[in-house]
Amino acid sequence: MPFNSFGRRFQITTFGESHGPAIGVVIDGCPAKLAITKEEIDKELDKRRPGKSPYTSPREEKDTVEILSGVFEGETTGAPIALLIQNQGVDSSPYEKIKDLYRPGHANFTYLHKYGIFDYRGGGRSSARETAARVAAGAIAKKLLKTWNISCRAYVAEIGGIQVKKLDFTRKSPIFCFDKIAEKKILKLLKKIKEEGDSIGGIIACTATLPVGLGDPVYGKLEALLASAMLSIPASKGFEIGEGFQGAALKGSEHHSSLEVATRKAGGTLGGISTGYPLFFRVAFKPTSSIKIPQETLTIGKEKKVLTLPPNAKHDPCVAIRAVPIVEAMAALVFVDTFLLHQEAKLIDRGVLPFLPHT
Amino acid sequence: MPFNSFGRRFQITTFGESHGPAIGVVIDGCPAKLAITKEEIDKELDKRRPGKSPYTSPREEKDTVEILSGVFEGETTGAPIALLIQNQGVDSSPYEKIKDLYRPGHANFTYLHKYGIFDYRGGGRSSARETAARVAAGAIAKKLLKTWNISCRAYVAEIGGIQVKKLDFTRKSPIFCFDKIAEKKILKLLKKIKEEGDSIGGIIACTATLPVGLGDPVYGKLEALLASAMLSIPASKGFEIGEGFQGAALKGSEHHSSLEVATRKAGGTLGGISTGYPLFFRVAFKPTSSIKIPQETLTIGKEKKVLTLPPNAKHDPCVAIRAVPIVEAMAALVFVDTFLLHQEAKLIDRGVLPFLPHT
Amino acid sequence: MPFNSFGRRFQITTFGESHGPAIGVVIDGCPAKLAITKEEIDKELDKRRPGKSPYTSPREEKDTVEILSGVFEGETTGAPIALLIQNQGVDSSPYEKIKDLYRPGHANFTYLHKYGIFDYRGGGRSSARETAARVAAGAIAKKLLKTWNISCRAYVAEIGGIQVKKLDFTRKSPIFCFDKIAEKKILKLLKKIKEEGDSIGGIIACTATLPVGLGDPVYGKLEALLASAMLSIPASKGFEIGEGFQGAALKGSEHHSSLEVATRKAGGTLGGISTGYPLFFRVAFKPTSSIKIPQETLTIGKEKKVLTLPPNAKHDPCVAIRAVPIVEAMAALVFVDTFLLHQEAKLIDRGVLPFLPHT
Amino acid sequence: MPFNSFGRRFQITTFGESHGPAIGVVIDGCPAKLAITKEEIDKELDKRRPGKSPYTSPREEKDTVEILSGVFEGETTGAPIALLIQNQGVDSSPYEKIKDLYRPGHANFTYLHKYGIFDYRGGGRSSARETAARVAAGAIAKKLLKTWNISCRAYVAEIGGIQVKKLDFTRKSPIFCFDKIAEKKILKLLKKIKEEGDSIGGIIACTATLPVGLGDPVYGKLEALLASAMLSIPASKGFEIGEGFQGAALKGSEHHSSLEVATRKAGGTLGGISTGYPLFFRVAFKPTSSIKIPQETLTIGKEKKVLTLPPNAKHDPCVAIRAVPIVEAMAALVFVDTFLLHQEAKLIDRGVLPFLPHT
């Protein structure tokens, strides 16, 4: 029920608006005695702020986290972990001017109809700013996964139709594109898009090495949890696992000629449960909604109007690129959640008294 | 947490295995005084058993529901509604022979690893048989939607690469394909696939007319709930809303040139909340896992083996077609759930004492 | 949210009305490979039907369970377990006559106001009949507890002011009263109460031997979960743990003079978590609402009226006694739930790779 | 599942330790457009710090709240409301000295066994400090209740055996005791208890005026939700509604001689749903665990030891008195939650299109 919570056994609850005093997250259900530092979390937050490429986002958001609770002498205690990120240097004045306009592709239309009130400054609650809290929580999830030898990795698969073909994770990329040739093309495209004041969509892929057994039938299928996680990211419009939409054109004799082929083409799960084979899924993102090209729209009073963003307004030409660490964080949250719940599945079969004696 | 429940405010819990005595569903949170009959539910169940086309499924599953609770004198009472569907004429003998083989694309591999035990008869809990319980619950959801003037419709969008182009919902189709030309091609393809003992994938689309305001930020976005619902259907491998994966190649100036275009291309939601514009999403299904063509696999003891289904084994060449009423049922469940939760959103703004005096 | 579900990790969902075709329960989250038989469940159901004493309940309810799902070849599979109990020999005619009268102490008043409709036959959903489903689920919970060396025991502590003083669990008692002298007095009181057509209240106690660590801060305190469980039983009006209400008159120097005294007087938990010391709590039950003595009431149309039960109406003079197996079942459900969730608490500290390799 | 959350439709999640940087709460599911100010919340927090009486608590905790999110221009927006309370002037040094001692009646014993780690400073997460976050959330709940004409009131019913008899809510009392004669006796007792370095238990009562229909069968009974809420308060050991434990000694002819008597003695609910009659319940609190009188205990290494609090240690002789605003806050949270969920119960019966047109 809680609208701002995600997860079943390992649950996060995020709060905060883009231009309010702060955003944050409460993590509930984290096992005790995990070593974690503020620096480890800040490092993940840095990934949301590429900086190195002038074509992604010019925003000055050097986010840093305060650990308010749940960590004692460098270790988690089992108590809820509250992380706070202050909103620094926000300037709400550009939003004042357009606050009575419905912005194409934005949430102010629906929020106003649903709630009768909208914190329009920087997109308020519907801003992608909220995802910083997810990335902070994801840092803790990823640290847990590391102790369990589980790894996951998100990366750019396609931007504006340019496909990533050869993956080389040893090279560094400011735009999370691990194919040298594709990266060059994409950077060129981003430059052009930015100059035009336009934006472009993209597809993010994610792989993970999981033990067998994560995910739960029937409604807790690993892919159902992942799909829900991914479609909760702003601007995401699609999710597919394994062959996904391409697989819909295949024959059974192609898609599952053998156990191995079938498992690979399924993306690493069978019956919604991880197989031990690599997991693979993709997420589609629409182009950024805010563009500097005039858009036809309506005022709240239903007058026709043309929306033109002021020249000094911030502008991120490709939201998909910034989504890479968010996809990774959300995937990590799902893996920790399913991992913790998996522990009891064969409790009886293990034939051991599973609780710790109180001696 | 409950692994076999779906929904927040309007929640279903399904149970039952393919070859057990019965399957069923408990519906919790249904408003009182909804008129509903056994016949209305059976009618929806009939859609899962097309029958008219020899190319979809030869199974003889004339399902009929027993209403065990929650309905009194033809109306719901607010108490949980339990629906039971007996499993008739099940023959588990074909499964006996292959019970020690991992079946490519099937869940017995993961269930055995996760639980150490598997009801192999007809796929047990992982069988698509479970979806009959969803369709029964969906019948009640659809009746509720009708009282609220909400409609939704699922249909075949693509089978084996053959696309549906012109929709004409006035015509009848045994394979839920409302384009005369495409239907002919698809039936021909199905005939061939069936003769080869092979199977084929497909894409199912769904549209709905919703009031503005359904869905909740942030993790309860309408598309996140729908994605989770759709990826919980057996054999589904992808979900996209609006332009989906195609939109990832578009520019912002194309995708949201105006409020109307942006809303339409987004598939009818903004910020995860319905806009009042038509909703549109698509679901990808892989080809049916069971084929009559030999498949390489392993035994539970890890020996290599070739799996060959016996000639008299049941065989459904295209699981996507049978998924149409399931997609529709799951969508209806999401719409009822979000609708009920939406009622309180503007409670204070309404300026009325919202409770009923006990006079 | 689900109104008819109880539990977090081990969850039950009950359904059914007193005079409908059947009642039942779906158990979700039960570990796989637990050996369980229909007979073991029926044996627990028998405890709800004392029979041996003519003073408790004359009803002929020989309940027997059908296992519809989740058990394969005598063992649980991890899939939801559905248990069905048919309602036999129900005669709704006595309720026809009084269906327009609000019955003092009964739920028809509130159900009618809340839902606008009420299945009046035998109390419908608000009938204590629903608790048979809990006892059936409790049988599975108790079997799990047994494999973990956890035991719990409920018993009569006080009926109509007559207190149980010396507990001797080796003796048998049709009224769950393990004090010979008190039993004699209580049976005499029950005889008198029954002859008068009246009813009487009582207090049920429960003890359990638990490992240290069950229960979760802050809102999942073991006593909070137990209190919620107990107050959900029909006719229960109070819950106390350890010294409970008596402890409110004590000084700190009396209540916690030492670690041992403090733990014992607290009832076996500290900070909401089990200590390994015996758990002890008590539940208060009001007298049965249905009596054969005339009661002043109102009709649905708000006319004053006197309610007189027909001479042949069923009459249970002390609902507290029949509650003993229900208290035990609900406690068992709480213990299994907290036990399963406790397994992950020290996951990292254990220093082992906690998942099963898929070899 | 979330261990630090309470509520179904209106949910709070609290975080923070006694001597950490801050405590706080996230409120999810609050309707939009409720006017609320920081001052209104601070006013409720002040009630936790009576100050006026030298016999309750000498602590200097002038708590003040920061509203981090969910409120825009003085009104709630439907987004999660995060409230932060800084921990000021905490001195952890007294706890350093006793950190290796199990403290009788305290949670460090169980936390250490469950989690293997404990933030011992001021009781860490198990400290009553956490309840300040509940009171802050309760302030918002109470504001909502006010708009719906619902009121609730908690007060001292009994301290150390001294009973409150005549209630006069027009008079002011620093110890929430609205009976002049009882107040005098209790203040005298508190003085003595304080001088002895001892502590004393007490009983808090709560009344509320509710519309008919709040609460849900079967596991969401109003009294089950309230019992769970009350037993989650530190030091609470019992809950009873209406006649409670006293009613267990009554006959049916006394307890429900008429519809009115039965409803009143039941405490205002029937079948777990509010009747419109006044609600009445009581909560038992054990004496404060920390006393200045030496207590026998063990070290973590299991040596016997005598615990003697240092003379300058803080000491609250009666935790029950400080619990009054907490009982009220938790009750308010339950009422808001059940009220919101009640709105849909008769949705269909109302015969109106319940959604807002998006025009």
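Just so it is clear, A, B, C and D label the chains in written order, and each chain counts residues from 1 on its own.
We take it that contacts are C-beta pairs under 8 Å (C-beta built on N, C-alpha and C of every residue); 3 or more make two chains touch, one makes a residue touch a chain.
All of these numbers come straight from a predicted model, not from anything done at the bench.
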item	value
Winner on C-beta contact pairs when A-D is weighed against A-B	A-B
Selected pair, out of B-D, A-B or B-C, that shares over half of its residue contact pairs with C-D	A-B
Approximate Å spacing (C-alpha centroids) for the pair subunit A, subunit D	37
Distance between the centres, which are taken as Cα means, of subunit C and subunit A, whole angstrom	44
Inter-chain centre distance, subunit A versus subunit B - centres from mean C-alpha coordinates, in Å	26
Subunit A residues counted as touching two or more neighbouring chains	1, 3-5, 8-9, 14, 32-33, 78-79, 111, 113-116, 125, 212-213, 217, 275-276, 342, 345-346, 349, 356, 358
Subunit D-facing residues of subunit A, complex	1-5, 8-9, 11, 13-17, 20-24, 26, 28-29, 32-33, 66, 68-70, 72, 75-82, 84, 111, 113-119, 124-125, 356, 358
Touching residues on subunit A, where the partner in the complex is subunit C	1, 9, 31-34, 78-79, 144, 147-149, 211-213, 217, 275-276, 339-340, 342-349, 353-358
Interface residues, subunit B side, partner subunit A - complex	1, 3-6, 8-9, 14, 102, 104-111, 113-116, 125-126, 130, 158, 160-161, 193, 196, 198-203, 212-213, 215-221, 223-232, 234, 236-245, 247-263, 265-267, 269-276, 282, 284-291, 293, 295-298, 320, 342, 345-346, 349
